Amino acid sequence: AETIKVGVLHSLSGTMAISETTLKDTMLMLIEEQNAKGGLLGKQLEAVVVDPASDWPLFAERARELLERDQVAAIFGSWTSVSRKSVLPVVEELNGLMFYPVQYEGEESSKNVFYTGAAPNQQAIPAVDYLMNDLGIERWVLAGTDYVYPRTTNRILEAYLKQKGVAEADIMINYTPFGHSDWQTIVSDIRTFGSAGKKTAVVSTINGDANVPFYSELGSQGISAEDIPVIAFSVGEEELSGIDTTPLVGHLAAWNYFMSVDTDVNDDFIEKWHDFTGDTDRVSNDPMEAHYIGFNMWVEAVNKAGTTDPSAVQEAIIGVTVPNLTGGYAAMMPNHHITKPVLIGEIQDDGQFYVVWQTPGTVAGDAWSDYLEGSKDIISDWRKPLECGNYNVVTKTCSGQNFE
Amino acid sequence: MLWNLIKQDRGGQVLLALLVLAIILVPLLNGLPTDHPLHLPTYMVAVMGKYLTLALLALSVDLVWGYLGILTLGHGAFFALGGYVMGMYLMRQIGDRGVYGHPELPDFMVFLNWDSLPWYWTGLDQFWFAAILILLVPGLLAYIFGALAFRSRVSGVYLSIITQALTFALMLAFFRNEMGFGGNNGLTDFKDILGFNLQSRQTRVGLFIASAVALALGYLLCRYITQSRLGKVCVAVRDAESRSRFLGYRVENVKLWVFTLSAMIAGVAGALYVPQVGIINPNEFSPLNSIEIVVWVAVGGRATLYGAVAGAIFINYAKTWFTTELPDVWLFALGAIFILVTVFLPKGLAGLLRRREGSA
Amino acid sequence: MKSRIVRKLRIMGLITLLLFSAVQTAAAFDEEPLLLEFEAMLVSSDRNDTARAIELLAASEHPEQLTLLSLLLEGNLYRNRDDDRLYQLKQHEEGQPAERLLGDDSRIIESRRDFRRVVVNNAQRSQIRQVMALTALSSDQSAKRLAAVKQLMRDFDEETLSLVRDAYPDETHPKVRELMAVALAIDTLSQDDAASLSDAIDTLSRSLEPRARNALMQFSDATDDDGLKAQADAALVKIDQKIKFYKGLETLYFGLSLGSVLVLAAIGLAITFGVMGVINMAHGELIMIGAYTTFVIQQLMPEHIGLSILVAIPAAFVVSGLVGIAIERGVIRFLYGRPLETLLATFGISLVLQQAVRSIFSPLNRSVETPSWMSGMLEFNPVFAITLNRLYIILFCFMVFFALLLILKRTALGLQVRAVSQNRAMARAMGVRSERVDMMTFGLGSGVAGIAGVALSQITNVGPNLGQAYIIDSFMVVVFGGVGNIWGTLVAGMTLGVATKLVEPVTGAVLAKILVLVFIILFIQKRPRGLFPQRGRAAED
Amino acid sequence: MSQTSLLSEVKDKNHVFSFMQSQASPALNVDKDILLYLEGLSVSFDGFKAINELNLYIRDGELRCIIGPNGAGKTTMMDIITGKTQPDSGSAWFGQTINLLELDEPAIAQAGIGRKFQKPTVFEFLSVEENLILAMPDERSVISLLLAKLNGEQRDRIEEVLIQVGLKEQALIRAGSLSHGQKQWLEIGMLLMQKPRLLLVDEPVAGMTHQEMDRTAELLISLSGSHSVVVVEHDMDFVRQLAGKDRTVTVLHQGSVLAEGSMDQVQNNRKVIEVYLGE
Amino acid sequence: MISIQGLNQFYGESHTLWDIDMQIPEGQCTVLMGRNGVGKTTLLQCIMGHQKVASGSIQLNPVNKDLVKTSVEQRPRLGVGYVPQGRQIFPLLTVEENLQIGLPVLPRGQRKIPDYIFELFPVLADMMHRRGGDLSGGQQQQLAIGRALVVDPKLLILDEPTEGIQPNVVQEIGDIIRKLNREMGLTVLLVEQKLPFARKVGDRFCILDRGRKVAEGAMDGLDDTLIKQYLTV
């Protein structure tokens, strides 16, 4: 029987396998579930799983294969920004669809990509607001891995904090290499920085493998969340499952979803996940929810368009609204970002987060930051007649599109 | 004279014949209508082009490792530098078509608030200048590094490890956004090369042909060197370095020039690689990448030039195939290949070929 | 998808556990009105109610106040979604009993979903700790009193200060007394009472507490009295000098501790690569196996985390050693005399081992707990403390090093392996059982790598990429030190560690790493055979 | 090359880097008829004096035999002359103009000093013929090596040497698979190809039969006159043949000259008999 | 002591030893002779197990073992000591360590370097802690002989042991070999090019030519014809 192919483009080996393998499994679960419901447009879905092996050029190559050879209707994949950047020209050239499920630095809006993770305004800004307003933080450490996402996020935050009247001397910015493993000096510096008599917090955009030694050093140098809370944007349940969380209780993370969220859809989702993986200890996390939302949006849009043709789906998907896992709804905005609630959670000793704060409603993702010089004049709107991902409202031009 | 070079080189003959064949057939097959059974899809052309550039890279490593005995664990650095120069040229070709519409600055500079192009980006909008730098940058680095190391008589694993340190340091440096090379995201989203649209079928075929020609020329060059007296001196240096000094050979000069030349070949390979894969990122400097190159050469058969080519193509093809067909377990398969080849084919794939020849 | 193996191990572990751990029963409390109100607030869906519940209990003079608050603090209270009552659970697992907090009802957990933990946030935790600290101020253990004063000093108000003031005259323990004096002096500085100000400055000038320094700074900025300002500034200079000195010590300690991690990671390689000449790209994975062994051991004895590390050391040695022996027997022995090819084969092995771990344990990092005897700090003063886990690692590093040195220098194995690596054929002709020597030596190097894994599991990721993260550094250290010299490895590791830590505060972590690499490159120009080169005629050709 | 000296080189804008210099040494000058001067040489290893205030002069065209107990410092002396070992003190001049201590191994070789090692060392992966080709004195710069071609004359010369050292049949086999003695011959062949002004020959007949020894002696004697030859050997028959009646024999002991003179004188020297020859 | 039958050996394709039959009588000193490259070293290496033999057997007698089938490291335990051509000293081990290598083959309790070795080669005692590779050629040769004696051999195999050794020590080595042979009953198999030395120490001779055994007999039987035919170039 004819099937509709769905490409799953997540690293199953190499450095990123640690995060991305779970997303591959999530996609398989969602597809299986959809097929159980009767498939899509009367056809069964078929997952085409490939392994780009954490190798960025390979992402482009695999994406091209998925689109050209396998003729997939959509690609769900990628984690790092660089892998997305690598794939981007390919999906644009071949007019494919790609759903990108991870929080990222923004500054991008492609006709062919749907950003179901958080943009900086859906994670970083609300998190800082919380720290400032609810915890009375006055001194800030912006610590990140040295790459584009933390750099951009921190630049946005720096601008934002200064705008809020925080002095230059009360901001400390620190970058470390990927996989940095010896945090003694930095943690000690943070401790010193935090002992100046003002309430201090760390905003962490530390990535992946560097987190375990970072938190473990925080723990061994006795920095508790009550002294200097750390709020992370890249640490979720999955990452915590590899850390002894006992010394970390109370440190924070900002996401759009937590496994501990007390809703029925979430409970159902987790149950299905446990059934699917056959492991009741498996956790769920934010990018999984993003895939859940993205996949359902795509299904809905295909149903709406009556075809999997990418152009038709692109048109149909804007405005599509599906339930998220936190009890609300996510809508696809004209800039290909979605609406999300922002949640702040505290780490518990069981590796879960306890939600201590959340935005009253949802926040729409902003592709182009209002706090960056180059991008505050740019907007994105993929609806006719504008159909432009980066329209400069001052010069009234649309640039940088890779299609005719 | 050309023929003399490969007269006794069965593998080389086969390789060159295949390359000529590919140069003729690939455009033909790719030009067939897409539903034709023999149609060669464009993505395959790009992938094959990539293999050829990696083969050229392997060739450059075999020249210094196989013949000169320098186990370089940092050759990826020269490849990446060539790639970065090409990437910078390609970025400059974007002009004001970037997302921010800036007439000069690449996107990543705009959003990191750079106000003007750093000096080392100037001139790179000219292809001829880029072409010179593609040879010069890796060449110069290799020259400086080599002049230091070979004069100090650093050799063996000590040399290997400092080549590794070199590429590792470069990787960390290029990861830094301050360097002005796009940090971790690297350079991507290229549009044209020499005025041709990079995404067009013709350009891809053109790049494939360019890679095939580069590989052929690279092969002949390496063959010429290894067959020359210089090549014999290389082997002499490889096997008894101090003895060759007592014969009056300036070992450090021999090493320096061959190493530099090899770095330039690697740079060319990198420059051809980048437009075909569409991205260059500091990961190309990763020490493990460089080790992998050595592994290709070993699999193919160290100190046989066509072996290096075969090894690179074979392993990379296997990788492509495995990652698509066996995504969950492909590392087992690849690892097993490495182990089996070492234990059972001490002379690599080339040894297999020679054994055939011998018994026939 | 956690493998079945692990789960099985875990079940076996549970059984062992039951034999060991005494079963504790939760005491139920009476349903008195105060506690009922407390319960009602905690099961409410309004987060602010939790804070109110704490205040309620804190303000009361209830005898079980502390017990209840610590139950809350430690996350032992659960809300049942059916009856909205609080329960104490032994384990949040289906089939386990749940005891009502008030009254003595109990039920069996049918679905985990039915019970939701009652969670406190940071602010509430501070709140509870303050309450507890106030009580602890009158504890008869000086350590508790000290901790209490420290806790109170985070954030004191009139009420807490007056408690400290009351307790101060009776305090006998010098340290506690000193800290109290500092607290009181800080308070004095914020008053405007010139008489005791000078004394307060004097008290504070002897303290390294950050709050003391901050108070002095504030005072110096604010005061109009030139004499006092000068005194405060002098005190600050004195404090800053001390801080600088201790920061220097700290940097040194950080350097040594980073160095010992490097040495541990490299020392196995110093044997397999340095002595045997095998370019062992799978070395990192042998470390990884050691770390996973630690994880498995902890799964087997979850109630004895403190012991588990001690068990893990020999276990990791054996497991990694056996894997090493298997590698040697299966692959490397075919490659002697072809040292470069060991690189190729072991590279393959490293890929296979990584993937194997991914398949068995999942690609996720695994969490290895730090036993309590290894956590915490040895605090010399408020600006200088050494972290215990690192201290143990430094000590461990030296132990491993000297044990190896002993084996290599004092046993026949050490001599034989060097002979074999220098001239295999001749060694055999002299009766050396080269196969056994190879096997044992490779096993030894691998086992030591495994031991390093145990140490690393305490400070970094236990995941499939663990090995990759250390392999480059390990080779760097061995070569920098001089191949074949394990003293070289020790000195090289420590040198690189200290150098990195000296540079890092100036340049940041990224540049520090780059600079250290450049340093290695330049150093090797000067000493082309590492720190401790093999000398003599034979080494020259 | 140390870092500091490199730095000072870089800073000195008039500095001509060694790799830019022409690699020819000053012309050899043997006006005084002495080809090699070793004066006051000393070298020690970890405190052990291997060469001790050694003085030795070799005339142009002379054939000199050097004998002496094992460990006397004969090989070490050659190491110093060829640049392998730097002496702690003393001087070593090649003719009047060339200071050997300032040159490195390739420069010394190019200046005209060739050496046969005590333990035969040949390029094992190259054929016997290629070993000889590489020993030819002409092409040394990288470019000329790249372009080098054998001319007829050179071919004839190789042929001749192959026959001379009895390896004609083995010309195309890997040098690594020669027997010990054959490697000795190959090394002698390489010396012949190299045609250096000064030949340092360390134990050439070890492992040779008596007849081969005779042949070697003839060969070396025929070379003297146009070349200077320094031979180290423990085989007294061979030394006797070489030294004949009137050539000088030098006896080294504990790093310095113990005796020097004709074979007869040396043979009858009490001390030489005691430490070296035995009764 | 050793009886070799029908021994053939190849280096890759090239047939180096052809049907060698040879006896090495116990308690005697047999000298193996022949021009360069005829296969002397190769034959010794076959006996030592360093070269694979294609066919044939090498019986070691009192213990009645076919050496072809035993591992290399068994040989010293069966009482075979070996002084290879080119010395094969462990260059980075000290002189002492070079000598100690063989100790584990001795029975426990006797694992000590025998003093007579230092009496034979006093220079070794002086150089005890020097790296083997630093010694001069002749010193290394003495060390190689000393090292072979450490394993307390019944059969001593020497491949051109006098190479590079000063004349008075060569005499001494000759005396030593004779002494070991005559007084201590050690069987000796010696490869030697130098006739006077061979005549002095040998009881029997055996000549190889191009991989074949061409003559054998008591030392008196080594006459000019044989020498001319097989030992002259």
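Order of writing sets the labels: A, B, C, D and E. Residues in every chain begin at 1.
Rule of thumb we're sticking to: contacts are C-beta pairs under 8 Å (C-beta built on N, C-alpha and C of every residue); 3 or more make two chains touch, one makes a residue touch a chain.
Note that the structure is a prediction, hence the values are computed from the model and not measured.
Novice: For the pairs B-C and B-D, output the one whose chains share more C-beta pairs in contact.
Specialist: Comparing B-C with B-D, the pair joined by more C-beta contacts is B-C.
Novice: When the mean CA coordinate of each chain is compared with the mean CA coordinate of the whole protein, which chain is closest?
Specialist: B
Novice: Looking at C-alpha means, what's the farthest chain from chain E?
Specialist: Relative to chain E, the chain whose C-alpha centre sits farthest away is A.
Novice: Counting in whole Å, what is the centre-to-centre distance of chain B and chain D, each centre being its mean C-alpha position?
Specialist: 44
Novice: Quick one: report the Å distance separating chain A from chain C, using the average Cα coordinate of each chain.
Specialist: Spacing between the chain centres: roughly 29 Å.
Novice: CA centre of chain A versus CA centre of chain E: separation in Å?
Specialist: So the centroids are 75 Å from each other.
Novice: Could you put a whole-Å number on the gap between the CA centroids of chain C and chain E?
Specialist: Each chain reduced to its C-alpha mean, chain C and chain E end up 61 Å apart.
Novice: Where in chain D do residues touch two or more of the other chains?
Specialist: In chain D, residues 1, 45, 84, 121 touch at least two other chains, as defined above.
Novice: Can you list the residues of chain B that touch 2 or more other chains?
Specialist: 148, 152, 172, 175-176, 240, 242-243, 328, 331
Novice: At least two other chains touched by the same residue of chain C: list those residues.
Specialist: Residues 354-355, 468, 510, 513, 522, 525-526, 536, 540-541 of chain C each touch two or more of the other chains.
Novice: Any idea which chain B residues touch chain A in the complex?
Specialist: Those in contact with chain A are residues 41-43, 46-47, 50, 96-102, 107-108, 110-113, 172, 175-177, 183-186, 188-191, 199, 277-279, 281, 283, 319-320, 323-324, 327-328, 330-331.
Novice: Taking the touch rule as given, give the residues of chain E at its contact with chain D in the complex, in rising order.
Specialist: Within the complex, chain E contacts chain D at residues 11, 35-37, 41, 85-86, 123, 130, 134-139, 141-142, 160, 163-172, 193-195, 231-233.
Novice: Note which residues of chain A are touching chain C in the complex, please.
Specialist: Residues in contact with chain C: 12-13, 15, 17-18, 21-22, 25, 135, 146, 174-177, 179-182, 184-186, 188-189, 195-197, 209, 212-213, 216-217, 219-222, 225-227, 229, 238-239, 241-247, 249-250, 262, 267, 277-279, 281-282, 346, 348-351, 354, 356.
Novice: Can you tell me which positions in chain B touch chain C when the two form their complex?
Specialist: 71, 145, 148-149, 152-155, 157-158, 161-162, 164-166, 168-169, 172-173, 175-176, 240-243, 287-288, 291-292, 294-295, 298-299, 302, 328-329, 331-332, 334-339, 341-343, 346
Novice: Can you check the complex and tell me which residues of chain B touch chain D?
Specialist: 147-148, 151-152, 225, 228-230, 232-233, 235-236, 238-240, 242-254, 256-257
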